[in-house]
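Heads up, there are several structures right after this.
One chain, chain A, appears in both complexes that follow, with chain B as partner in the first and chain C in the second.
Let's look at the complex of A and B:
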């Protein structure tokens, strides 16, 4: 077994025990509907999915990395053997399901039958999770979600304190900045990735400044504020449902009109498309509309609620990273580009782009799977690094935390010499602050 | 007078001067001294932290081990046996953020720290040429209370808060 394989199944070997075939069969039976049966039987081995997969492209077109091979040799085999598999087989499945697929869904677009391979890989992950197998990094976040409702294990008290801290700091730059907590009936309930209050609290400050200048009616919830959903990637569907319910229930309790998702890709996937099913909403609809930051920020600038200072538009060449779950799966590729056009003078698109863009290599739980997976992330991220290099851009805009961190790592690994920025970062710097919101000292000087 | 003093232990010998100054002030002011260390998260997307044994996941065992080490290291520098006025706290994250977060939460009156931030552990420290590292800079810019950066054994902290001195 290679070093990579060893890393992929570390958690599995640590908790090695007897295979619980009954549980595997239960999950197989529960998913044995027309959809998966058709997908498993209709694949014509045409190979079109292979060329769409960045793992395949980054590893010298290894046929074992083609999406068709991956689902056939995991879920396909599990069905063929009716769940009677051994521990070694499950370890191999873990290596594929977490180490060789980010569930970016690019292959589904290229499959002539539209086979949703990511959904099948997610089912494999659920089966593995039922056996106590999942990467350690994800397992640790699962414990945190269970205990505190968020992936970083941050207490509500610390979260609210951080909001107060950031509001205080921001009010030194823009008058009247507040971060309202649990405001009933607000237009937007802003939910974030716990990485923000934990490691990048400035992100909260930037959002608060933008909302203040836009005159937005917004709030942050004291619970259900974590819009990420790593149990969804760990294969813990029950907890994934609970995580998204926490957010939905809070939105309903507060009577807010929309849930707003921060610049995070998989959070959008969880809250908008997978969440309703995970949370048990049979109609697949969210209890309140879910909006992504890319959409709202674009509307602010388009409608003139935020005005960009022409002198502060970015002069250096800029490219835009389409996060899979914001662009391809979320449909916001044009909004992202139109917004960037307001912010930068020299935009250079990657090839391929929009819904065809490659995953950064950090999605599907890869980033929080932690440093032990880093070597694999860097190897498969070569495709993204080459895409960026070919644009000649000096700045990469990434409206997704996973993309942001992965691009940061790729930047060092492949010496790209670029700067990774979020939309909030650029907008909060370049927006024109109206005179009535400028701090008092500035008034006096004027 | 100071009631609560936060000493940020960076675990480099350079901050021993800061500890001595913080201890001296705490003893004279009859204040509580909090010895605080942040286990740094190098990867800002996972709960892994850097420890003397390499990178590992932060958790109660890691915290307790470090608390014991900090106690061993600092308590021999205190004359009083079982000094009840000293409390040891450990957190994980980005040092300057956790220091400011903790200072706000505990409403400390003064932060005392060394100046050094080491970026490359393979490089030797240059104690003769102290400079402000990232954590010292960020803490001093964003802290909710005064911050004293101590770089020499000659530096002694005044007992009165700036505000007290002003009103006196």
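Let's look at the complex of A and C:
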């Protein structure tokens, strides 16, 4: 054996040592249920899933981006090798599990067997996380969740102060706006994405104004107010369970009737669909009902609790971005459309749409994964950019923070020349404020 | 040859049926046991209407958005499966064997139809084989075994066709026909062909997961 060869063997053994095979085998075993076994063993390798995937479509139909290829060469290989894999293999898996899949679940609707590939990719992420592998951007948020209970490490004091500040500012526009904190027995416990209090506090103000005009009985919790769940995307299932439990426990403690989720997609997926399982509830049920903003805002307008000023309806062509986790994985595609019909005069749907819509390319943790993933995000977002361009819309309504950011980036990258808006923003601008809620100054002027 | 044929249509046939049925049953019972413990999500959201719709739309031609994206392939895929099931079950020659053995048999289709279906199955198998080689996204997923499965599935049809029309050596063809047919039966429980049973469960699951929970159609 030459010195070079010896060095190579040594290097290989050293990397081998880094892999905690025992841990991998434990996770493989825990997930080796009837579903994953069946999926892995009956995939007919027909290739029908390929065309459902926007990564595949955006990269000139690269066969390595077909969903079946992705699970076969990650989880399939892990089971085939019974967990005995090396570091290079795991790095390759990471590239696929985070860089080539947003777990949007579209492929499961295009598979003849309905194989739930997103669930398998999530399992791969859990295995990688157990080896200390995850995109840095997600790892940073995981530390924050663990220390503060929210992804951006915001303290409770700062959060409450921001709420008070926003309530005060808003009450200059609408009389009596408050942001009740920890109000017991409220109908809705409103939970948000930390980027709202941190960077876009006006989002809180908009919501408070809408709730005030609708006469809603609502509150914000002082803890468990972050409904996002990035550990779910990082593969840290234990922490992901803790994150949803923080929210559930607070809702139970306050005795609220519902948990209300802000215009955020994955938060809804976490709170209503995956949360109970992450939290370890055997029956798969949330302790209180979970409602998404799209649903509630639609009901407000439909029932006339919020009236839209006809003069303020949007005249420019509008399209609606179906966030994967609100539409396909949240069931609210019709509510979103019906609400938009109240707000805009010229609605143009994307193709495909509703539960068949393509992911924007920013989901599954992609946006918080940070700059090193941006080039990929822009490349795979081409499909979404083309969908938007084809509608000729000037405004894209996106009821999801990830979509919102991704569309903002795509707008620049592909020079779409559109404006991206949230539902809250449109409604809080266009709603009719009843006279009794108009600020006193306005009364005097009149 | 006669002795061999008698053995193949006697004990070997019983053995094949036993492996096929018991094999599928064992696989099902094993998966059921596993699922009670590890797949609670399957049982928590049961709604048979969604399961039925999820299955039905994938049984009929072009019943799903996915099939409509590749209409010709979907047609081939449909005809292939119809032939694969209908010919062995409703062939009059097969029913005569059942009748001889038990005095009971299924309805028999006219031989002309069986003949046409057989040719279609063979043509479909050729198409599926070529598609597997020709389309990059299918080729990349395919191993030797995936090609073998197509050949093994088509073999009883090729040999049956040759025997029925007494082309080549009839006795040899009959022997090969029975052997390949039995091989296919034996393989079903242990390979991806198990989808003939498991299809209904995976489709039910995605029906519950997307339909019951979200109201989304998985087709």
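In the analysis below, the second predicted complex is superposed on the first by the 429 of 446 C-alpha atoms of A that agree within 3 Å, B and C clash if a C-alpha of one lies under 4 Å from a C-alpha of the other, contacts with A are read in each partner's own complex, and residues count from 1 in each chain.
One rule holds in what follows: contacts are C-beta pairs under 8 Å (C-beta built on N, C-alpha and C of every residue); 3 or more make two chains touch, one makes a residue touch a chain.
This structure is a prediction, so every number in the text was calculated from the model and none was measured.
Participant: Give one word, clash or fit, describing how chain B and chain C relate on chain A after superposing.
Facilitator: fit
Participant: Does the superposition put A:158 against chain B (first), chain C (second), both, or neither?
Facilitator: The answer is first: A:158 touches chain B but not chain C.
Participant: Touching A:86, do we find chain B (first), chain C (second), both, or neither?
Facilitator: So A:86 meets neither chain B nor chain C here.
Participant: Report for A:253: first if it touches chain B alone, second if chain C alone, otherwise both or neither.
Facilitator: After superposing on A, A:253 lies clear of both chain B and chain C.
Participant: Have a look at where A:345 lands relative to chain B and chain C in the superposition and call it first, second, both or neither.
Facilitator: Neither partner.
Participant: Between chain B and chain C, what opening angle does the Cα centre of chain A see in the overlaid model, nearest 10 degrees?
Facilitator: 160
Participant: Using the superposition described at the top, determine whether chain B or chain C touches more residues of chain A.
Facilitator: Counted on chain A, the partner with more touching residues turns out to be C.
Participant: Using the touch definition from the top, say if A:113 reaches chain B (first), chain C (second), both or neither.
Facilitator: So A:113 only meets chain C here.
Participant: A:201 in the overlay: touching chain B, chain C, both, or neither? Say first, second, both or neither.
Facilitator: first
Participant: Applying the touch criterion given at the start, work out whether A:309 contacts chain B, chain C, both or neither, answering first, second, both or neither.
Facilitator: Touch partners of A:309: none, neither chain B nor chain C.
Participant: Of the two partner chains, chain B (first) and chain C (second), which one does A:172 touch, if any: first, second, both, or neither?
Facilitator: The answer is neither, since A:172 touches no partner chain.
Participant: In Å, how small is the closest CA gap from chain B to chain C once the two complexes are overlaid?
Facilitator: 28
Participant: Considering only the defined contacts, which chain B positions touch chain A in the complex?
Facilitator: Within the complex, chain B touches chain A at residues 41, 43-48, 55, 57, 93-94, 97, 100-101, 104-105, 142.
Participant: What part of chain A is in contact with chain B in the complex they form?
Facilitator: Within the complex, chain A touches chain B at residues 136-137, 140-141, 144, 152-153, 158, 161-162, 165, 169, 195, 198-201, 367-368, 370-371, 401-402, 405.
Participant: Per the contact definition, I'd like the list of chain A residues that touch chain C in the complex.
Facilitator: Within the complex, chain A touches chain C at residues 30-35, 37-39, 41-48, 50-52, 56, 61, 63-64, 66, 68-69, 72, 105, 108-116, 273, 277, 282-285, 328-331, 355-356.
Participant: Give every residue of chain C touching chain A within the complex, in rising order.
Facilitator: Residue list for chain C touching chain A: 31-32, 34-35, 37-42, 44-45, 54, 58, 64-67, 69-70, 77, 132, 135-142, 146, 192, 194-195, 198-199, 201-203, 205-207, 209-210, 213-219.
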